[in-house]
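The two complexes that follow have chain A in common; it is paired with chain B in the first and with chain C in the second.
So, the complex of A and B:
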């Protein structure tokens, strides 16, 4: 593995910028595409005449443009304590199909059941009374305020604390596992098409031991007839994050834009490319000026941005980064890895990140 | 029948004589219900002495039924507590042995609490647990009982009988108790009927009544062994569990409680859906029930589960699974989809993905059955590696699918149902393409040609047989291989097909002219037919098959290269290679006649 660390001075960067003309396809006119192309996911184009699956769901579209990242004092909407739970942990992502008969009013009952389930699984063959607190303490909390639209369901946070049998009464129980189910800015048509006894919280973030994660998933699957799968992010999502986060630099110092690529050589070459935030922002600003009245950012602009960064890298090292895959993006606002791992750095832009992730999760829903 | 009343206990010879007589009757014919009641009462009250108590119990073989009052009284004697322990154990074991012969269990269920209280007796515990297992209904499961059982479990350890009973409690009230049962944990009950088994079966055989079945545990509480091995794949049917927040006011039955199809039918309106819809694919009984489910959410859940399982499994890896995966996952799923009336969009999308990597061999009959049930999209392209027999089977499948569609149309069209003529047109065109391509690749193999012509036999009669005013000609890639085939069956079939086309077309034309109906056969169809007919007549009758300007015009020099004499006549009736055998036979017959 070879690490490349590049810190650009402003002057150098500007010089490169001027000679850019031919290197980057900066569109002459602002692409004002509000119309989003629909990428049909279903391979059955016409509905089958004979059999209609009840509740046949609408086809989800991949948006090609989205609004710029907006800062919002999320603490206005969400309890700061809850926010503190979400920030600064590394979360592993999964997607989950809609939950059947999940009720936000029954969270206490769910806590008891999950605790009993975990206790029963840990001691095979021994029955455990539900409600008896032993070994594990599970808490289900509703994190109100993260949901953006009317169709979004409220986020649910699950925490597992272990209470060893012989611990002194004064010992605080240790948190061994955390997870949360959320839906932020989910596609409203899709959410509306679900029957009323389903709750869609497609994004599941977990942090803790793998065995506990499996147990929690098994319990949720049995309780709500849902299905879990691991959510890997794709390069497009990472590109969006890079662009959106860079665009936030004026209002919030992103401190750096770190990109990690993996090139398919033998042995594979890992490239870590750190860009000075001001330079990154200037590049972004040249593609999508801040003063533009158009609030929407188009995918082509994001592509230009990434191309710009790649071209710059090529000029110095004669390596085509586009031959490899973008594996990780990180700024002070957070980081995202292709394997489906994220970190939330700053709560102010949490909605942007979660919107993108919710979208990725919804795209994985089986038709 | 002898009845004893108020006799003295010991040293009573009369008692002894009567006992012997009753015993002989019992062991030979079995005892009638009234006698059982009296005897049981006598024995358990210890009126006849302790020794006689066990003795009576040992020969208490019922002939027909056992009245439940006898049992209830017996339990009350048990509560009195004067019986020695071995007699108590014997009594409970006896109740278990004759359990199926008890006429009605309601009274027994109402004294559930009394029976439950004996669970603390260590010697009785295994058998009491078994009895409770047979009697328990949802309303019997209470928190204090659960707690009691858990206390006993804490004391006695993971005894299989306790685990079994607790598992049953979990089925009824998963909100009160939960446990995890991988297959390595032992569950089940001890053998109880050894004392009576031989005598009982002898009596039953004599009386020609139904033989008592062993109290087999139809409740499958064991889960699949997944705890130790990591899940290697996603194709697993989840275990049958009950939802824990179910509405407790309605009296519903869970699928795990059903023991037979008859029970399913009796309670069909009363059954609660399991927590995970996918688990219904795990048992035949549940599959039957699934057919009756009308709930939209239930189907959506099943669709999600099915789609998710298939999505997580990348298609390519499907061919490297162990055999039991196919058996345990695919077969029940295929059986279900094939038999059920509902189609699932996830099945269709899975099939399209699967077919693009399918080798034509894996689970062929099931896949082909599925193909004939679902509407097929024309984007399915023929891969050269798909084996030849698969192609034949596919066309056969599509033929049966076409027949199904046409039948449906002829039935429902009169009622103003959906118009599927576009679909049918697509299908026929698609098969035409498929067959042409296949015939080209396989050098007009006879079997493939046969299947194709069978398909067109269905197609040519669409108007006359199924009243669908659609006439579609076979493409050149099918027509000419049939015309110039080397086997007589294909040529004959082609002739028949052309004849039927003519009939259909003439009728259609007549109806059009008389303005009887609203459809219209395009001129092109007539032209196509005429062209085909001309080609046929030209080659077979006029000895002139290579017509300039026709579809099969071949350069004269090329034909000359073949060095065949008089190439023009080679496909007429006399010289056609397919009809060669008939020609020879004709000559033979003629020469035979002339030689006589």
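So, the complex of A and C:
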């Protein structure tokens, strides 16, 4: 028992030491337990009497640099019909802890169980949908090809259709809810450290009524012993998206770079700045030249880009945009809102967006 | 009553909450007291509409009466739809002598002269505003009463406020206004809002303006309950100065309720430290849009709280000084100073 206490306090001591060293790079919005530089694995292996999810004591890094957005004809890897399901909808984001005993081979059985669950809840009086639906048809589909690395699990798409009570045979069932679980370029160390009966699909995107979303989450929580939480994006992620998407302009016309801030005045003031795409790209290119041999983009370059725009704005209006919050970034490639809502405009760069979001989801998961 | 009349009536009654229908019908004074008493406003809307239609038919009312009702409704609820301001220019010598009857005659005469089928209704409101309702037809078809244009003008001012005007009718309306008010030309006022009250108050300066004054200071509406005699405010002077500056630029509360201001920027890049871009001759184009439920209050708070640096930039104070909310900002010229000027396009 003495050894246990010793190890415990040693671990705590190490945590505190690492936290102090990297205070400079830690974004203010993160809780203090996160670090921006990895000092390798923590010395304390996960004994079974700790209450965290297995594998979680591995330190997750917040990247300070990443590769430029690469266009890829995603339709080469993924069925175009599946892609069409993901694009053009607005998705609400959540994170989910690793799923226990989830099998990609059991999708049909999961479909049946979820449909039965929803029907049972509805009978108990849980308000599900207004209307004369006799029942719901649930489909779990595997969307193959979105996973990038060997550690990524394949994406799972869930669709709920309603069957009206008095439908004719020819009536197409109406889709009332959609959601998908995905993992794209997830941190490989973390994923490798998970025990074999856990599958990590940390990003959950939903579109449809709140009541159905809650039901689906409840069923998944019970079936796979996992936990959901809402995933709000932070301004660093939005800054990355602004820079990465702008960098795509030569290969794919982004049409505009629109940034929206909200200033805490009374009443609140919304400022939206829509920059001409060519001019935005030239600004980005002057900070991170296209021809640079180093393919990595550093966070400092991203910050310089945003600062440039904020300063140009300041010179005209004398208003400090940093007094407010960057709330939304949008281009033709997609849009992302601080509240955790995204829209995918163009499938060619979907991997970049999903990589960032997967990372956010993994970082947001509770310790 | 024909179908157009019933459609217009239907639309009016559907728009207003049931409790306001009674007042509107009373002001209209086309239904008798008994009929008004007989209406039950707790019924569903479609029932009320049917009752009113049957009363109108009883009283042999026609489209003319219904359009009067619509006008009364809009005059009572002016803050609907989107209003745009136009500015009259080149006033002739006798522009100040234009009388109401003269204006009405000239206006109607011109429009009737260029369009065969048109329906014009004019009404003078108690606050000296002339309200004009125009249902446009053309040389072949009857006026469309479901899409009327509304025009509001205060005689002897240079502003005209217009709502729901289609581009193709602009070429008829503008000359009519110019001739009837004895001016030389009319141009876009670059001001548009949902609230007619704000639209009128801003350019006509009907709000509490604050003028720079060395002596008097605007009292702040802060509650001084929190101040303790032993606590001195280190930045009290700065706060007062900022507050004064913000009121000078944006007026004192309550301000006209503008919702948006749009700036089209066509200036050279002025971000920091980036030599290659600052040397560029091309403009760094973009559009900035400010929006809020009450824009002037937000901007005033911005300046007073320090989120905006003083002195207030002319780009923002131009909203109140020039009474407009759409601007195109260009650099003055090759020898550009750090502040760009607001230009009329």
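Points to keep in mind about this one:
In this section, the second predicted complex is superposed on the first by the 302 of 367 C-alpha atoms of A that agree within 3 Å, B and C clash if a C-alpha of one lies under 4 Å from a C-alpha of the other, contacts with A are read in each partner's own complex, and residues count from 1 in each chain.
As a working rule, a contact is a pair of C-beta atoms (placed from the backbone, for glycine too) under 8 Å apart; a residue touches a chain by one contact, two chains touch by 3 or more.
These numbers come from a predicted model, not from an experiment.
Contacts of A:113 after superposition on the shared chain: chain B is touched, whereas chain C is not.
Applying the stated contact rule after C-alpha superposition, one finds that A:198 touches chain B and leaves chain C untouched. Contact with chain C, but none with chain B, is seen for A:312 once the two complexes are overlaid on the shared chain.
In the overlay built on the shared chain, the residue A:97 is in contact with chain B alone; chain C does not reach it.
Applying the stated contact rule after C-alpha superposition, one finds that A:221 touches chain B and leaves chain C untouched.
Applying the stated contact rule after C-alpha superposition, one finds that A:269 touches chain C and leaves chain B untouched.
By the touch criterion stated above, chain C contacts chain A in their complex at residues 263, 265, 267, 269-272, 274, 276-277, 280, 282-295, 297-299, 301-302, 305, 307-310, 312-313, 315-316, 329, 338, 340. Within the complex formed with chain C, the residues of chain A that make contact are 263, 265-276, 279, 282-283, 286-287, 307-309, 311-320, 323-324. Residues 143, 146-147, 149-150, 153, 158, 162-163, 166, 169-170, 174-182, 184-185, 227, 238, 241, 243-245, 275-278, 296-297, 299-301, 303-312, 342-346, 348-349, 352-353, 374-375, 377, 379, 408, 418, 420, 423 of chain B are the ones touching chain A in the complex. Of all residues in chain A, only 42-45, 48-51, 53-56, 97-98, 100-101, 106, 109, 113, 116-117, 120-121, 124-131, 194-195, 197-198, 221-223, 225-227, 229, 364-367 touch chain B in the complex they form.
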